[in-house]
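You will see two complexes here that share chain A, one where it goes with chain B and one where it goes with chain C.
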Partner chain A sequence: MSVPLPVFVAVPLVTAFLLPIFGKKGKSAATFLANIATIALLVLAIASIGQSNVYKIGKWPIPLGINLVYDGLSSLMLLVISVVSAAAMFFSIRYMEQYTAKAKYLSLFLLMVAGMNGVVLSGDIFNLFVFLEIASLSSYALVGFGCQHEELEASFKYMVLGSIASVFILFGVALVYGNTGSLNMAYISQAIQKSGLNAGLGFALGLFITGFGLKAALVPFHAWLPDAHPSAPAPISAMLSGVLIKALGVYTLARVLFNVFGVTIPIGWILVVLGILSMVAGAFLAIGQWDFKRLLAYSSISQLGYITLGIGLGALIIARAGKDITAEQLAWASLAILGGLFHLANHAVYKSLLFLTSGSVEMATGTRQLKHLGGLAEKMPVTRATCTVASASIAGIPPFSGFWSKLILVIAAIQAGFYWVAAIIVFVSLCTLIMYLKVQRYVFLGELPENLQQTKENKGSMLVAMVFLACLCVLMGLLLVPGLRETILTPAVNVLTGGYSYSADVIKAAGGM
Partner chain B sequence: MKGMTIIVKTISSWVKVLIFLFGIYIVLFGHLTPGGGFAGGVILASSYVLLMLAYGREFAEENLSLPVASKLDSVGALLFAAVALCGLCCGAAGFFFNFIQQRWFAGQDRAFDLVSAGTIPLSNIAIGLKVGASLFLIILVLSMFRPDTSTNEKE
Partner chain C sequence: MPYALCFLLFIIGLYCAVVKKNMVKIVIGIMVMEYSVNLFLVMLGFRTGGTAPIIGRDDIVTGGTLTELFINSSVDPLPQALVLTAIVISLGSLALMISICIRTYEKYGTFDITRIRRLKG
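Right, the complex of A and B next:
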């Protein structure tokens, strides 16, 4: 079955604008409709696995019109986005009852999903920027949704840094347009293959790395994330940490560097260094935190480092080998990228689960300070169980998903000859274990404080969403099984290792030139 | 906010109609002359903003209340999406496909008529509604903001 690609953008967008019409009375109808939309998107994303096509909007031939491209990488990202958004939306049914203006929240949530789906599908670099802005603007509003002093401050900080990133990206797009005469990514890539990089394009490349790096919160650009992610309502934190920074940052970075500009040795090193910096600094900063959600936010930076490192190692191996790349080198590069992308999918699942459990704890106890919590294991058994699964997964304990992706990264680093990188990966994994043992110790074990004796487990949709994600945490390791791997992960890796062949594929599929 | 002097009020009550009409003209002729949905929407909103400046916020809110403007905003966006989705539904065409022109006006020299260009005028009307309502809302909400001076006075 072939799904028309604009549906991925149109469904959340139309639903988002339908919801405010219900007004204050139709809150439950609005919630129902929003959940239908996210679940429908999940079904569509699963249904369209395996197809690869190019969609020309309004039947305009490329490069005149805008095109949407669905390939392996987009398919993986769409799947991740729709899984996390369906779970977070289901969690919101109950969790958002404590806020006013639920319909507005649902609208903004769906707008963010529409923006992210657009970013991963767009084959046109300016259109990518527009969708990126849709997702960013709605996330600025969602971070400040509580309207408390602290939340507004975090939202403002996020908005300032996010806007700087957007200006960088827009400037980069303008330079690329000026130097290649096209906004279509396939045609830009072709122009770059023909004439190589000139000064303007090199500057644009720097602007893209900075801009997308800011959106991805890699370490020198991370300052906004530890404020913004904890301030948002829990399902939104889950969306922001789980998918937004990946769709807007890592995906765009990978797409632009691998498929449009082509990887070179300096770019590979930049990615590796940014990845290692994020991993180490994020982990060290996270261990010292006493705010549950802030700890998770720093941990996101650290985990994002893993993803960037995996992709960067792949880029480095490919760039070093140059044109006459042997099958073995290509296999190790693929393995490194596979590790990065698999970690991306895993991190989306367990980090959103961790944020949802933190929301569950906060709703039941009214605090998220680790020092004021404790002994909740018996009071909140389901939250505890799911949180433990997610913690084990993120720390890399064997049967859980996080172990497999980290193992692949370590193997790839050793095979590529980067023994020190492998050592750092293992070391940061140990730090991760420490910070999540701290979470377990201070939230669920230890003594129950006097004022929390009456704590009750949350009910209904919140539990369903958490258990759903916890099951995925256990089962995600199965994605590596031959058969499943060829349908989801390998096509995504092939898009990146294929490099410039992206442009030829797109142009061929669209019937241009 | 009581508004401005009687001179400003009288003049703006005459001018606002002209501005509103001009906005409608820019929206409707968007596919023929410079301008279009966005520019026309801004002009539509500015006629209400003029009202707000001359008569005060309360008066403007009586004319176009916040919930109504918010609904108009959503309706504009929905209309735009509906035009795009009709392209997807009509025959084997695509998203945003200009389905009207090819079907009904093929072979007829209707270029530069008011009713021409297929779905583009419809999209312009939707955008005009959306931009007009949301710009009015933005300025209305901004004018509601008052720096909180009460706490300072108490201290």
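Right, the complex of A and C next:
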């Protein structure tokens, strides 16, 4: 079945603009409609797995018109985005009752989804910037949604750094246009293959790495994340940590570096170093935190490091081998990238689940300070069970999903000869285990404080969303089974290892000049 | 030379956004950066003595192709379209930033970011 690509952007966009009409009275209707939209997107994303096509907007031939490209990598990202957004939206039904202006919240939420879907589908670099701005602007507003002291401060900080990143990216787009005369990523890639990098394009590459690195919160650029993610309402924290930083940061970085500019040895090293810095610094900073959501946010930085490291290792292996790459080297590069992308999908699921459980705890007890919590295991059995599943998964305990992706990364690092990288991966994994043992110990075990005796488990939609994601955490390991792997993960890996062949594929599929 | 000045404007904006302590000045710095990039985009399409890229009756040779003069003298219209889009986006982000500044001022009673420090660690 072939799904027309603009649907992925149009459905959330149109729904987002319909919702504010309902106002205060039609709150339940608005909630219903928003949930229908996210679930429809999930169904569409599953239905369109396996197809690969290029959609030309307004039937203009490329490079004159704008095109949307659906390939393996976009398919994986779309799937991840729609799974997490459907769960977070379902969770919001009940959780957002404590805030006013629910319809506006739902509308901003869907705008963010529309922006992210646009980013992963766009085949035009300026359009990518526009969709990126749609997603970022709505996320700035959502971080400040509570309008309390901390939330406004975090929103402003996030917004300043996010805007600077956007300006950098726009400057990069301008330089690329000036040097290659095209905005279509396939044609830019062709021009770069022909003429190589000149000074202007090199500068643009630097701007892109800084801009997308800021959006992805890789370590030298991470300052905004631990403030912004905890300040947002819990379902939004789940969206931001689960998919936004990946769609806006890691995906764009991978697409631009691998498919447009082409990987070189320095780029591979930059990715590996950024990845390792993020992994280690994020893990160390997370262990010291006493705020539940802040700890999760720092751990996001650390986990994002794993993804970048996997992709970077792949880039390094490909770039070192150069033109005459042997089948064996290509296999190890594919394995490293597979580990990175699989970790991306896993992290989206378990980190959003962890943020949802933190929201559940916060709603039931009114606090998220680890020192004020304790002994909730009997009071909130479902939250406890799902949180344990997610913690085991993120810490890499077999047979949960996180174990498999980390295992793949370790194998790839050893086979590529980077023994020290493998050692760091195992070490950071141990740190992750410590920080989640801390969460378990202070939130669910120990003594129940006096003032929390009346705590009750949350009901309804919040539980459904958490249990859904917890089931996914257990089942995600199955994605590696031959058969399922060929439909979802392998095409995504092939897009990245293919490098420049992206441009030829797109031009051929679009029937361009 | 104009490119260098444009880059200078970009650096001034970046300096203002990074160094200044007043929230409104930071916003102004970011806007200066955005406008310098817009200026850069417009300059990419600029041609000395160029004409508007609108095809008139005189510009078409028999057979439907364009005259040499038109191709060599018309400016590139694409960057202008990009700048229009970029201006609209920066207007949206400016409105949001200023409204967050106002709400912050209501809560904290100051625009000084060194005194707005509840988040730590």
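We take it that the second predicted complex is superposed on the first by the 513 of 513 C-alpha atoms of A that agree within 3 Å, B and C clash if a C-alpha of one lies under 4 Å from a C-alpha of the other, contacts with A are read in each partner's own complex, and residues count from 1 in each chain.
Keep in mind that, in the parts below, contacts are C-beta pairs under 8 Å (C-beta built on N, C-alpha and C of every residue); 3 or more make two chains touch, one makes a residue touch a chain.
In this text, all values refer to a predicted model and were calculated from it rather than measured experimentally.
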Partner chain in contact with A:Ile311 - chain B first, chain C second, else both or neither: neither
First (chain B), second (chain C), both or neither touched by A:Leu18: first
Of chain C and chain B, partner touching more chain A residues: C
First, second, both or neither for A:Ile125, with chain B first and chain C second: neither
Touched partner set for A:Tyr55, first chain B, second chain C, both or neither: first
Touching partner for A:Leu170 - first (chain B), second (chain C), both, neither: second
Intersection of the chain A residues that touch chain B with those that touch chain C: none
Contact set on chain B toward chain A in their complex: 67, 70-71, 73-75, 77-78, 81, 84-85, 87-88, 93-98
Parts of chain A lying in touch with chain B, wherever the complex brings them together: 4, 6, 10, 13-14, 17-18, 20-21, 23, 55-59
Chain C residues within the chain A interface of the complex: 10, 14, 17, 23, 26, 30, 33-34, 37, 40-41, 44, 78-79, 82, 85-86, 89, 92-93, 96-97, 100-101, 103-104, 107-108, 116-119, 121
Chain C partner contacts - residues on chain A that touch it in the complex: 126, 130, 133, 137, 140-141, 144, 147-150, 152-157, 159-160, 163-164, 166-167, 170-171, 173-174, 177-178, 183, 226-227, 231, 285, 288-289, 291, 294
